[in-house]
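Next, two complexes with subunit A in common: one pairs it with subunit B, the other with subunit C.
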Partner chain A sequence: MRKPWREQLSRWWAMPVTRALLAFLLMLAIGCLFNADGAFFRWSVHRDTMRQVSVYGILACGMTVVIITAGIDLSVSSLLALAAVLFAWFTLPHGWPAILAIPLVFLAGTVLGSVSGALVAQLGIQPFIVTLAMMVFARGLAKVISGGQKVTNYVTDTDGSTRLIEHPPIYEMIDSRILGGNISIVTIVFLLCVLVTSTVLAHLRLGRHIYAVGGNKEGARLSGVPVKRTLIAAYALSGFFSAVAGICQAAQETHGDPETGMAYELDAIAMVVIGGTTLAGGKGSVVLTLIGVLTIGYLQKILSLNAAPEATRLMLTGAIIICAVWFQRGRKSARSKPK
Partner chain B sequence: MTGRRGMRRSTVPFAGICMLLLIGCSPAERTGHAGTAEDPWIIGMSQCNLGEPWRVQMDADVRAAAAEHANLRVIFKDAQNESLTQRAQVEEFVEQGVDLIIISPKEAAPLTRPVAEAYQRGIPVIVLDRAVQGDQFTTFIGADNVKIGREAGRWIREQLGGSGRLVELKGLMTSVPGQDRNRGFLEGLQLEENTGLQIVFSGEMKWLEPDARREMESALATNAAIDVVYAHNDPGAHGAWLAARAAGRENEMMFVGIDALPHEGQQYVRQGILDATFLYPTGGAEAIEVALAILRGEEVPKHIVLGTRLFTQENIGRGGDPIP
Partner chain C sequence: MTTSPLVTMRGIRKSFGPVEVLHGVDFTVEAGEVHVLAGENGAGKSTLINVLCGVFDDFAGELQVFGRPERFAGPLDAARAGIATIHQELSLVPSMSVSDNLFLGRETTGQYGTVDFSFQESEAARVLSEMGLEIAPGRLVEELPIASQQLLEIARALARDARVIIFDEPTSALSEHEVEFLFGRIRELRSRGRGIVYITHKMEEIYLLADRITVLRDGRLVGSATREELPPSELVRWMVGRELAEEQAADRTLSDDPALEVSDLRVAHPELWDRFLVDGVSFTLRSGEIVGLAGLQGSGTSDLLHALFGALGGRVSGDVRLHGQPFEIKDPLDSVEHGLVLLTNDRKALGLAPEMEVVHNASLASLVRFCGFLGWVRREQEHDAVEHLTREFNLSAPSLHAPVRTLSGGNQQKVYLARCLLTEPSVLLLDEPTRGVDVGAKADIYRLMRDWVAHGISILLITSEMEELLLLSDRILVMYRGRIAAEFDRAEASKDGVLAAAMGHANTGAPGEAT
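Take a look at the complex of A and B:
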């Protein structure tokens, strides 16, 4: 006869969050093992890891929502670059106050995101293709606005003369730390994004619709879910988060680089998938994504601390993505033989 | 009905293509321009990729140098990182009857033949920055990354007086510029004679600023004292500085970069972010000078290696100092 605690354990084991956490703890254990002369045991290293991973994490929040609708958003990295360029362009050469620039950048990201959503929902084009097109388009737009150069605090006036200007305080503000210098503002922004996503997915009607659309689009439609509006909202949310990430990127780099964030969408997808949200849609949560983000972030940090060469990093990252996803998939068979 | 609709659909693009062809096929003009203000020499410039600021600068340098000569007109083309597009551009220049071609090729092998064909048809070709194979071109102008790395290494060694703890943030070690800037740097440091010099951390930042910042955070976390950060490009050095500033340690060490673009590295030096940067010259201005010499019928060397320039806070006001 099975004891109740064993049943309890096997139930926990079957939960994706347990497995995601275990993969993350494994990563921390690897960090303790390869601690680079004790550097891994210092808080500043963990603080920097979380700062570094925050921009990816913000993108992953939006990606989670889109993936739950059984879609994909390849445009996040380009929207990030566009947002970074717009933010720098508004605040540096134009000298607009941040209170005006930030909402405008948010608006741009949300609008372009909803355009992707509308193309997916109204025209029924595959999300991969729509967002691929948006990825190319937004990158082009970023280059047009910036003139192909970084938008920096070295500004050219209308008469052709150049001068250096001070960065507005918002740059310093976003790239600073609070709580006695122990946590970066961008990390707080990331956690806020997780909170927003989690609220939307778990507590709002929109969230229920998102799961319904991803699980069974036709069934959702028949049971009265506004499928099109839900899809548009999901992509709009992803566009919004891309804009948030873009502002964080620009503030950290102290300029708007139209080339920034290349291929970040792939990292964001990897983070979502490692957490345990499946690309098939209808399942998953942003808490899983948070754990996935940290797992990849720590992997990168441990490799960096130990000065691993680039080739090793690529191979290890690929291998670990496969292992983590396989680990997630194993839960069905694990139920029959709990440890 | 469907037939008519179908026809209409296909006729519109067809007519469009015909019109484009008509515009595109205006007869190839006379070859050999006089090189006067009325009949200027025409130079075709094929840039492999305008996605990089450094290459944007190269085109800007060519444009600025050409603007000083009324007897010169330059047609700019961007191959958008496609070898075959660039090959087509060279062929187009030949058909158009330009007087000289400047090409900054994407890759050697696929562009060797079109360049050779243009050269054999009597059109002088200047190859900029990246080489093609063989000798079927007029002249090659390029910078030497090993030399620039060596100058950076030597400058750092002299600044440190032979002992110090160094961080090297490498570009991509699978790329030739990354390998050369690393090799030259090690040569310039002369580590055998200067045993006090120590590279305490070296990471690959793939030429990217956010990655450089991450690598520098690791360097700061594992090293209590750092004297110099040498990054293979200026964005890398800037990323390192941002990391050091976030840790409150930016005044503890020097930051040295490479490339010295006017809007980038030179500005960082002016703002006191970088202590030094070494110019990786585009050769744009030199290409126009050499082009004029060729068009006037003068002899030019087959290989021209460009020097570098050192920019520091002390000499930035006078535009840096040349290192031949």
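Take a look at the complex of A and C:
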């Protein structure tokens, strides 16, 4: 006879959210332990952690959607760079207003994302290959547009003379903080992205189709799910979020760098997976990803507060990714053995 | 010239968990004979063969191979001992060459531990020419037609010097003259003293090949006889066994409204352009009628359902009318919208998404009913609809929000049925609706089906269980090799008649012969 509270406990324990949260709380406990002479207890540290993970987190939102369809999107970092370059190029040398530039950048990200999706859905090429190609292509496109250099406020006129122009206010705005300087705008943008993704996944028909396609593609097709459209939408969403992240990146760096965001896609994948969304597809959620983003963000923060050298930081991050994922799946694989 | 048999099996018992599926079966294979193993689906043929070829080692009873008691540790072990199995699914590596495949797992190495490819190629050429196969050893397996691949599999068995060769329904993917070629090779093997075990459903093949026939039923040995001793009618009786208790004879009066009219439907084979999986099938399904489709594996019944549902794309031709209106088969989405829904015979691979919760799995095909602006799902309405239906189904689940993989097989099947039913279909295409379902759930599903037809839903039903077919169908169409070989009314349908027709032995009372 098991007591009800034990049953309740074991049910909680089996939930991915519980395990992701535990991993995160463990990370916070480690932070309290190695608090770098109390630095970890200052609010500004947490505010900065949140700001620093935001761009990664926005990418991770799109990555979650794609991974749930049993795919992967390696092109997010390049699309981010392309978006950053486009945004800077529109607003600095061209001097277009933000209200025009932002939708255009969103459009570019979404279109390139849906191209990936269409290649995956229509031609049946593996997502890894398609998005690898898109990653290379978009990086090249960013370099073509920027002429291989950072797009800054140092503008060359048609007569060859150069001059320095003022950044439009949108840069300042995105890079600022509100609520008495307690929370960054990029963090707000990140949380909005989480909200949008969670709405799509939990409340819209599209979300159901995304889970169904990832969980059983043929089963979904035979139930009348438009599999191809669903896949295109998933990659388009990821492209859109990459564009959002790119604009934030450009605003924070105050220029559009075609080399920016190198290897961010790997961080984004790690954040999704640490949260508990599996690469096999069909399960997971963006709330889990939010926890994964924070876990990795705090890990980085704690290491840098304690002045761990770069090399140590990388090695520890790798080890902790494995531990966290193993922790996530330990019980499940033990239970699904008999078969 | 009777010597000791190559294989002797005595009193073989095998259980899966608490369920015993073989109850003490005897089986022998002599040198130089073709021994056909016959029986209905689920009679225990495959289990027996898997015991012989080393897939299972946890059986009771005695297995002697070449006079020595054996208990193989795995298929590889059995293969080394000289027992080769040619399965329906081929075990070749498509992207490797013919000779590489022939020597897979026992590559000949030269001086430096490297593979001696030139020796392998010449040896492969020798084996192939011995079999009368004109295949270049250097070609990739994936470039060969299926038939050649199958023959290659046999060549591989010979290259391993197998003395007992087991064929598990080898002809289901072959054309007529490929079958002839294969039979020629089999007879040759027999004359060279090999022992052949041949599993088939096809009456014609049994009487073309067999020296001896052994029949299993429900995991028991019915008998073993030479071909001459066992005429076809007797063989069918052996396979069918006990008479079916007549239940639910209540005749229903059916309306004459046609729900689904199909004429001259054809489905092309995906690879062989000159073969049709469904070859000119015509029939009418009336509203509120259950038409049972009988047919053995490879007869085209499943393909027919998939074709009608639009799951096969451009390989389908023919005229279909739905409730009197011309219906152009497009894709599954379109069919669902027109009230035509398919339940496949494989809920795992072709049906449910295991990690999604019960409600989401059940509502997947009918989400549009619960959607508002921008595809916003009205979750309460959805939950209520699923809950209402699953209560009717006697579904037992830890929670309607639990992942569907946590349910038992029978309950998963109910969720799958609920997915079909929630679309409010007018024609249900059910392919093995009770597969892997326990007795209680089966009774529930029968009750539900009767309920649905009473509400005017029409059902096209495939089932490999004869009792179920006879119990539920108002009419039975029997398919053989892609055509309708016989039609039975409820009153005149008998187990023997249906089975004989399904095996291509059509002279047992088959009135409405359709071509």
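In this section, the second predicted complex is superposed on the first by the 332 of 339 C-alpha atoms of A that agree within 3 Å, B and C clash if a C-alpha of one lies under 4 Å from a C-alpha of the other, contacts with A are read in each partner's own complex, and residues count from 1 in each chain.
Simple rule for what comes next: a contact is a pair of C-beta atoms (placed from the backbone, for glycine too) under 8 Å apart; a residue touches a chain by one contact, two chains touch by 3 or more.
Keep in mind the model is a prediction, meaning the values are calculated, not measured.
Visitor: Using the superposition on subunit A, decide if subunit B and subunit C clash or fit.
Guide: fit
Visitor: If you stack the two complexes on chain A, which partner ends up touching A:Gly215: first (subunit B), second (subunit C), both, or neither?
Guide: Second partner only.
Visitor: Touch check for A:Lys283: first (subunit B), second (subunit C), both, or neither?
Guide: A:Lys283: touches subunit C, not subunit B.
Visitor: Which partner does A:Thr152 contact after superposing on A: first (subunit B), second (subunit C), both, neither?
Guide: The answer is first: A:Thr152 touches subunit B but not subunit C.
Visitor: Determine, under the contact definition given at the top, whether A:Asp257 touches first (subunit B), second (subunit C), both, or neither.
Guide: In the superposition, A:Asp257 contacts subunit B only.
Visitor: So, does A:Arg19 touch the first partner subunit B, the second partner subunit C, both, or neither?
Guide: Once the two structures are laid over each other on A, A:Arg19 reaches no partner at all.
Visitor: For A:Leu305, using the defined touch cut-off, is the partner it touches subunit B, subunit C, both, or neither? Pick first, second, both or neither.
Guide: first
Visitor: Figure out whether A:Leu204 sits in contact with subunit B (first) or subunit C (second), or with both, or with neither.
Guide: second
Visitor: Who touches more of subunit A, subunit B or subunit C?
Guide: B
Visitor: Where does A:Pro226 make contact in the superposed view: on subunit B (first), on subunit C (second), on both, or on neither?
Guide: second
Visitor: Quick test of understanding: once the structures are aligned on A, what is the angle at the Cα centre of subunit A formed with subunit B and subunit C, as a multiple of 10 degrees?
Guide: 120
Visitor: Taking the superposed arrangement, what is the smallest distance in Å from a C-alpha atom of subunit B to one of subunit C?
Guide: In this superposition, no C-alpha atom of subunit B lies closer than 14 Å to one of subunit C.
Visitor: For subunit A, give the residues common to its interface with subunit B and its interface with subunit C.
Guide: none
Visitor: Which residues of subunit A touch subunit B once you look at their complex with the stated criterion?
Guide: 36-37, 39, 42, 44-45, 48, 52, 55, 143, 148-150, 152, 154, 164, 175, 177, 249, 252-254, 257, 259-260, 300-301, 304-305, 307, 309-311
Visitor: Touching residues of subunit A toward subunit C in the complex: what are they?
Guide: 203-206, 208-209, 211-212, 214-216, 218-226, 282-283
Visitor: Could you please specify the touching residues of subunit C with respect to subunit A in the complex?
Guide: Against subunit A, the touching part of subunit C is residues 309, 311, 332-333, 335-337, 342, 344, 349-356, 360, 363-365, 367-368, 371, 374-377, 379, 403, 419, 423.
Visitor: Of all residues in subunit B, which touch subunit A in the complex?
Guide: On the subunit B side, the touching residues are 50-53, 56, 172-174, 201-204, 206, 209-210, 213-215, 217-218, 221-222, 238-239, 242-243, 246-247, 263-264, 267, 270-271.
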